[in-house]
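In what follows, a structure is listed as structure tokens, so that the remarks can point back to it.
Going by the order they are written in, the chains are A, B, C, D, E, F, G and H; count residues from 1 in each one.
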Amino acid sequence: MKSLLDAVASGQVGVDTALAQLDAAPVDDLGFATLDQHRALRQGYPEVVFGQGKTPEQVTAICARIAEHGDGFLVTRAAPDVLDALLGAWPDVERNDLARTALLRAQAPRARGTRAVTIVTAGTSDLPVAEEAAVTLDAIGHPVLRVTDVGVAGIHRVLARRDALHEAAVVIVVAGMDGALPSVVGGLVRGPVIAVPTSVGYGAAFGGLAPLLTMLNSCAAGVVVCNIDNGFGAAIAAARILDQ
Amino acid sequence: MKSLLDAVASGQVGVDTALAQLDAAPVDDLGFATLDQHRALRQGYPEVVFGQGKTPEQVTAICARIAEHGDGFLVTRAAPDVLDALLGAWPDVERNDLARTALLRAQAPRARGTRAVTIVTAGTSDLPVAEEAAVTLDAIGHPVLRVTDVGVAGIHRVLARRDALHEAAVVIVVAGMDGALPSVVGGLVRGPVIAVPTSVGYGAAFGGLAPLLTMLNSCAAGVVVCNIDNGFGAAIAAARILDQ
Amino acid sequence: MKSLLDAVASGQVGVDTALAQLDAAPVDDLGFATLDQHRALRQGYPEVVFGQGKTPEQVTAICARIAEHGDGFLVTRAAPDVLDALLGAWPDVERNDLARTALLRAQAPRARGTRAVTIVTAGTSDLPVAEEAAVTLDAIGHPVLRVTDVGVAGIHRVLARRDALHEAAVVIVVAGMDGALPSVVGGLVRGPVIAVPTSVGYGAAFGGLAPLLTMLNSCAAGVVVCNIDNGFGAAIAAARILDQ
Amino acid sequence: MKSLLDAVASGQVGVDTALAQLDAAPVDDLGFATLDQHRALRQGYPEVVFGQGKTPEQVTAICARIAEHGDGFLVTRAAPDVLDALLGAWPDVERNDLARTALLRAQAPRARGTRAVTIVTAGTSDLPVAEEAAVTLDAIGHPVLRVTDVGVAGIHRVLARRDALHEAAVVIVVAGMDGALPSVVGGLVRGPVIAVPTSVGYGAAFGGLAPLLTMLNSCAAGVVVCNIDNGFGAAIAAARILDQ
Amino acid sequence: MKSLLDAVASGQVGVDTALAQLDAAPVDDLGFATLDQHRALRQGYPEVVFGQGKTPEQVTAICARIAEHGDGFLVTRAAPDVLDALLGAWPDVERNDLARTALLRAQAPRARGTRAVTIVTAGTSDLPVAEEAAVTLDAIGHPVLRVTDVGVAGIHRVLARRDALHEAAVVIVVAGMDGALPSVVGGLVRGPVIAVPTSVGYGAAFGGLAPLLTMLNSCAAGVVVCNIDNGFGAAIAAARILDQ
Amino acid sequence: MKSLLDAVASGQVGVDTALAQLDAAPVDDLGFATLDQHRALRQGYPEVVFGQGKTPEQVTAICARIAEHGDGFLVTRAAPDVLDALLGAWPDVERNDLARTALLRAQAPRARGTRAVTIVTAGTSDLPVAEEAAVTLDAIGHPVLRVTDVGVAGIHRVLARRDALHEAAVVIVVAGMDGALPSVVGGLVRGPVIAVPTSVGYGAAFGGLAPLLTMLNSCAAGVVVCNIDNGFGAAIAAARILDQ
Amino acid sequence: MKSLLDAVASGQVGVDTALAQLDAAPVDDLGFATLDQHRALRQGYPEVVFGQGKTPEQVTAICARIAEHGDGFLVTRAAPDVLDALLGAWPDVERNDLARTALLRAQAPRARGTRAVTIVTAGTSDLPVAEEAAVTLDAIGHPVLRVTDVGVAGIHRVLARRDALHEAAVVIVVAGMDGALPSVVGGLVRGPVIAVPTSVGYGAAFGGLAPLLTMLNSCAAGVVVCNIDNGFGAAIAAARILDQ
Amino acid sequence: MKSLLDAVASGQVGVDTALAQLDAAPVDDLGFATLDQHRALRQGYPEVVFGQGKTPEQVTAICARIAEHGDGFLVTRAAPDVLDALLGAWPDVERNDLARTALLRAQAPRARGTRAVTIVTAGTSDLPVAEEAAVTLDAIGHPVLRVTDVGVAGIHRVLARRDALHEAAVVIVVAGMDGALPSVVGGLVRGPVIAVPTSVGYGAAFGGLAPLLTMLNSCAAGVVVCNIDNGFGAAIAAARILDQ
């Protein structure tokens, strides 16, 4: 903006032109999507495409526009036909069926971080959400440690992994059912703990409402919460902490 | 019923009289309450009066009818004016303001049980509910152990009390907020675990809904759940186990 | 732990080795699941695998690791393709399509209990949940009685089965729709009553929420509640009572 | 309307006048309330004033307008200060503090009905709602039988009163907590059963939501339901049946 | 019961035999369902089988046991494969795909009633529920009038059918979306009005919760409510009124 | 109505005939639907058929009756098989798969309006709802501007389109997930803002409940809200404003 | 902004100064509130202060800052002590206890509009919300018509006032309980209809949730909805329509 | 633990003594509360006492035990009588009525951090929650910046404060009503954003549920959420980030 104002001050750019440019935000309109080519700059992360509710054609079109600029992309919540389409278009895409993601690395990726994020899961069924978080962190350059299937009903399992918790810069805890694990982890570590409820469970889990409420009411102070099944959001939250 | 049929068979009691007696259930109608003088027999416990929503006059009238037969009574959810009225009428009443109970022991109480119930609370604010359970168990003759303020955010606190958990015949776990404690306790002990959610907590605890859902979804198999703040119900559930 | 400390005291085990062993919990990591080979010891029951949300391959891999040690397993919430895979791998597996379970008995099973659990259902549609409870109890060695289709709208049906209720050590009551049956049963028997709401019913049953709330608010004191459709949990709760 | 059209046809009434009369509904505007003096005719019942959220002055003004025409009135949900004001203005008003009602009988009341409505309550705390129903039925001329405190946890209590149920033209069942009583009553009688949930109960009763859902899901076919605590509505529903 | 007691009094039946007979309720156990052959007598209606959640084999087995006694049956909530199976087994079955019902009339049906039930629907999408009510009423011998697609947004449509409303002994109003129609109908007629919410509607209808709440809060006094989509229940409620 | 009364006054129409005509509302009964041929007149819009829950046969029959009178129709929420059937019957039908609509323009359409409605969407996944609104507005003759994919997380995107907002007569804002966009738009423009929540989003969006609540609680005064996913309703609301 | 850029272009304002001014929004910080003195300009309405949750001192301080500039203010949701404080500070304040508002007219008020808003209420208890809307419209210069107590259970009452509905530029409909009135009104008028649910009603109204859902699901197309009890919001929505 | 094992290895400590010490967790039992004197060490923060639901006597007793060791304390959610009691006992207590906190600084406080936390509020009514966060951060040694009353309906207000957002190490955003502010802030800054919903708002805010859901569904990736009104939790979450 400063350069634009400089140009106005020097007479290189007229007032009307400047007004028009100020209104012309750096967006790129595909008709069905407004791409934001400067977002990478502003947010510091590669472009992410939320795949749910989009057709393979829509996702491919959006990704093509991104790849055109040499940027990489990460597609989340991708159904199998979306993953097929993306792999067909870009053979270098890294496909992860458990995480439901497709990743094309940028041609000039960021340097990798040195501090790890530990992702803890309460049960096997929580793995897809944890994996979405792990792929996302990998895509934006942060190392990941995994501590798997350490629900609180066998409390010695999580206690046995205290080292992996303590050496983490950030801990992401993924849990469905009773969602109790973040409260225990939050009491074991001093650093940031990000809790992600999952929609795993019997009837009164109500699609993840039960662990969501558990985590919001955690008796371990300072545990923060993401949306149900939102592994991607947890990864970005961790990156916001690590990248500052 | 057998004796009635014997009497019919022997001609001592006519058919019409027998029919009338079969219809005349052993209830005692006060107009606003149907007292069930045989319930003590059927359920094995002293008469309990639920005080909430009743006036001091109503509670006193019900208790008078019970005490008339030499039975004891336990009034729960008693407001201070109800407690005052009961102590005024029966100086031997044991008043507990924290538990909001009034207890008049029966003239011929049951023999005390030998196996203890351990009542565990997650935080100080859960004490009124735990105390309601403790008073109820005492009233019906079962010893009680207390493990207080051992929420899972400081997991070593509950681990330090493992002995008190293991020696219990039944464990009652009272917790508000995240309600995570029963999952940990359920993993530590092999015997029955009864979870009681409390209405203690910040906004999204929604009056106890959060710990209620947590407990229903406990990852420790076989943990059973009572209504929110229902210390009385948990005590009776424990007695159902111990008294069989 | 005592033997480890003895070894440290006698110099047989060095301090560092002891520290490492204390941290090495008796868990067995498959990557996607942390098996707990000591759980049978701690909980007293065979290993149970929750089949929902797991692929046939994942379930088979977990079961193989268990069976390797001569232990039996019980898979619950198993979809037909999971049941097919298990029967393919272990011809001795007992398959129950109504209960959605697969059971491989341990090579050295526990002695059977002598006291029966009575499982009561309100309607025919509640049978899958009741059957999951029955299979589980059978797997861990407790005899089961069944009282079927005795909903409270025909109150004589449950009254006609009072004997089967009174001789039970524990009664499990499974009901959808209004969930009223546990309140009646709870008034008829003095022993433990475990209520299981089911997701059976018309619109405002809201997937089992209606009977769940009914049971939590039961006017029969001391009735305890499991999660919606959680026949397995009810069986384990009964076993916690019987096995102490 | 026919007489108006006759008058138009005969020329006695002009078209414009007829149009105006058709628009002039038989309402009586007090500024803050539109009284409907023909409603008694249309609905067949005395005028009822819902007292909640109205000041004593508002209620008195409305009642004065009704009484002016010699009609009686029934004020429901009346706070003590409203009851005081009404008794001050009309000494013949019948005040009922339990039901929170004030009744002024019409100068020319309807003939009383001959068939009784039986009002059944599960517990003592349900009495205010039952009493509102009873007062309303009395106000519009129907006899009432009461069966009190016969909750299903002591199933013999309601069975003992089967006669009072069978002789009723309509049964109103009032219950809080688990709301199970209407399912049992609905199985015992063949006539109409109207269920009224009350806001009585512990935490997870959620202000009457629990018994409301129970009743809507009643396994006794044909049980119909009123709003929570709506004794008045149940009485009018019974009168709709009896008065046709 | 009287005849049994007479037999005991006369010595024809011994006491033990009488006790056994009193316990042997008139139920018929199929293993997965307890048929109640006396229910027809007690409730006055043909046997009804709730088809949802039952396999074609289960439904056919239950129906066979009923038909064996010459009784008719009505299967509700029947999936197409259930309807196929029933028609295959009993060619006289009347199949209604809109209502999802199968009806086999009894060999000796009840005399038909003379007073009609008017079934009113707000929109075309409410028809399946209305038709379930109509088939049920027909099955138990009551004539039905239909007033279709008269939602309140075109208020003249329902006003135009006032005659059909006034001549009804009972009015059943079926509505989804805003559920406002019963309030208008309840103000137009003096007789009983039974409201049935349907699960028809956009997002915030929440599967019928919106019209359910509307109807429970109806400003027309004395409107009573059935469960969501419960056309069967509304028909039985009407029959309870007409058959007394 | 005036003309009818004039005819009565002049003797051209007898009283009985007039009564009959007054009762004969301008409705057209198809058995399963009551068509309202005067609605176009009363509401000023072409006939709209809500396609959800109707079979292709039902929709085609309704549309045939409308088209018979030379009127156009708009079918919303049409499944692919409904769209196929309509295009088969009327080749001039304009099919829109994204909006799930079929439009047959009237033979004598209304003159087009001159003031545009701007439809703003927060994300690509909100497009189907926005498109339903756009097709509806087009069908009833109002021009539409589109501002796409301008969610508030990139606030410059919506700021860049301020002109398109300011020149609109009405702004419709369609958003899922956090539903925050209407609050920002409502602060930027002075004219009417109609907010439409969509069912797009992760777990705790609860099918559109989250953005619905956000919009109802908008801190921008005077923002009004439609039902979840109700693009059609938003368009009609805009037309109510523009057509007065 | 254009004048600022002109000044930059002409050299009158330096680039750094311009940057600073662009960042310096026209806000006025009181520490606990950021007053927006340009909002009147941007939104076109006098400054409104939301009184709920603010102390009399806070409200008075905010109003003083506004009045200083000669602007008027409208305080909504004002508790009695807030109203007292405002009247004490500004004797010209117009106090309305029913609406809970205090209005100080601006020294140079806007010209009054010529088209009226009709505010319709279903019952007397809805009046406070309707009055809040009326005071707000008056404060910003729009005439108001009132149609009171015309709930749909007496459908002739609202039909009798059709004229007042038809002559309105905008209709605001305020209703609690079943919230059915907007659906009827929406079918009677062609212009904009704004529905406001109120928290008036029995138990299952759930604080206004019932009428809120009813209105969102209105079968009258194009009815839009405000938050519960939000008379102020409805008035501003009407003004957004009238002032464009 | 290592030193204990060293002592065992060297024979200084016997095995039984070691076992006892391992079981003796560093807790301090007051009967109604289990103080955790090592928590300061483990969590790194001063002892915090949650005041809600505790009597002044209970709070004072807990604080006395803490102060005894020279530690400071922070009491949150303190009612006025609790604040009075604490100030009476310790004149150095810093009382904050808006935040409802009492702070006694430790005799040897931690060194203050150098990076600031910016706390942003949407409206004046959100201030108590923001202030609780600010007091907590101050108590544990982190500087705070405040940006007040910048709700999104006046989007320029928050844009004007971009500098204060960008220079923050962590941003805490406190908002009630629509809860939209964190989505905008999350798009403006790259660092961690912690959202706190408040219970401020009209009817359908449902005690903070509306902004809670908004924030969980934020379209700005990586925004994390605390419980409703939980300013304390947000502060601790920020400290977890800053103190690692």
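By definition in this document, a residue touches a chain if its C-beta (ideal position, glycine included) is under 8 Å from a C-beta of that chain, and two chains touch if they have at least 3 such contacts.
What you see is a predicted model; the values in this text were computed from it and never measured.
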{"item": "Other chains in touch with both chain C and chain D", "value": "B, E"}
{"item": "Most distant chain from chain A, judged by the mean position of its C-alpha atoms", "value": "D"}
{"item": "Interface with more contacting C-beta pairs, comparing A-B to B-H", "value": "A-B"}
{"item": "Of all other chains, the one whose Cα centre sits farthest from chain B", "value": "F"}
{"item": "Chain B and chain G, separation of their C-alpha mean positions in angstrom", "value": "52"}
{"item": "Between chain A and chain G, centroid-to-centroid distance (C-alpha), Å", "value": "41"}
{"item": "Between chain H and chain E, distance of the C-alpha-averaged centres to the nearest whole Å", "value": "58"}
{"item": "Per-residue overlap in chain A, given as positions that touch at least 2 other chains", "value": "42, 123, 154, 159, 187, 202, 204-205, 209, 212, 216-217, 221, 227-228, 233"}
{"item": "Touching chain combinations (by label order)", "value": "A-B, A-C, A-F, A-G, A-H, B-C, B-D, B-E, B-H, C-D, C-E, C-H, D-E, D-F, D-G, E-F, E-G, F-G, F-H, G-H"}
{"item": "Touching residues on chain D, where the partner in the complex is chain E", "value": "42-44, 48, 169, 187, 190-194, 212, 216-217, 221-228, 232-233, 235-241, 243-244"}
{"item": "Residue ranges of chain B touching chain H (in the complex, touch as defined)", "value": "123-125, 127, 148-150, 154, 156-157, 159-160, 162-163, 200, 202-205"}
{"item": "Chain C - residues contacting chain H, complex", "value": "1-2, 5-6, 8-9, 11, 14-15, 18-19"}
{"item": "Touching residues (chain side chain C, partner chain A) in the complex", "value": "23-27, 29, 31-34, 36, 39, 42, 50, 52-54, 58, 62, 197, 199, 207-209, 212, 227-230, 233"}
{"item": "Chain C - residues contacting chain D, complex", "value": "122-123, 151-155, 159, 177-180, 183-184, 186-188, 201-202, 204-206, 209-211, 213-221"}
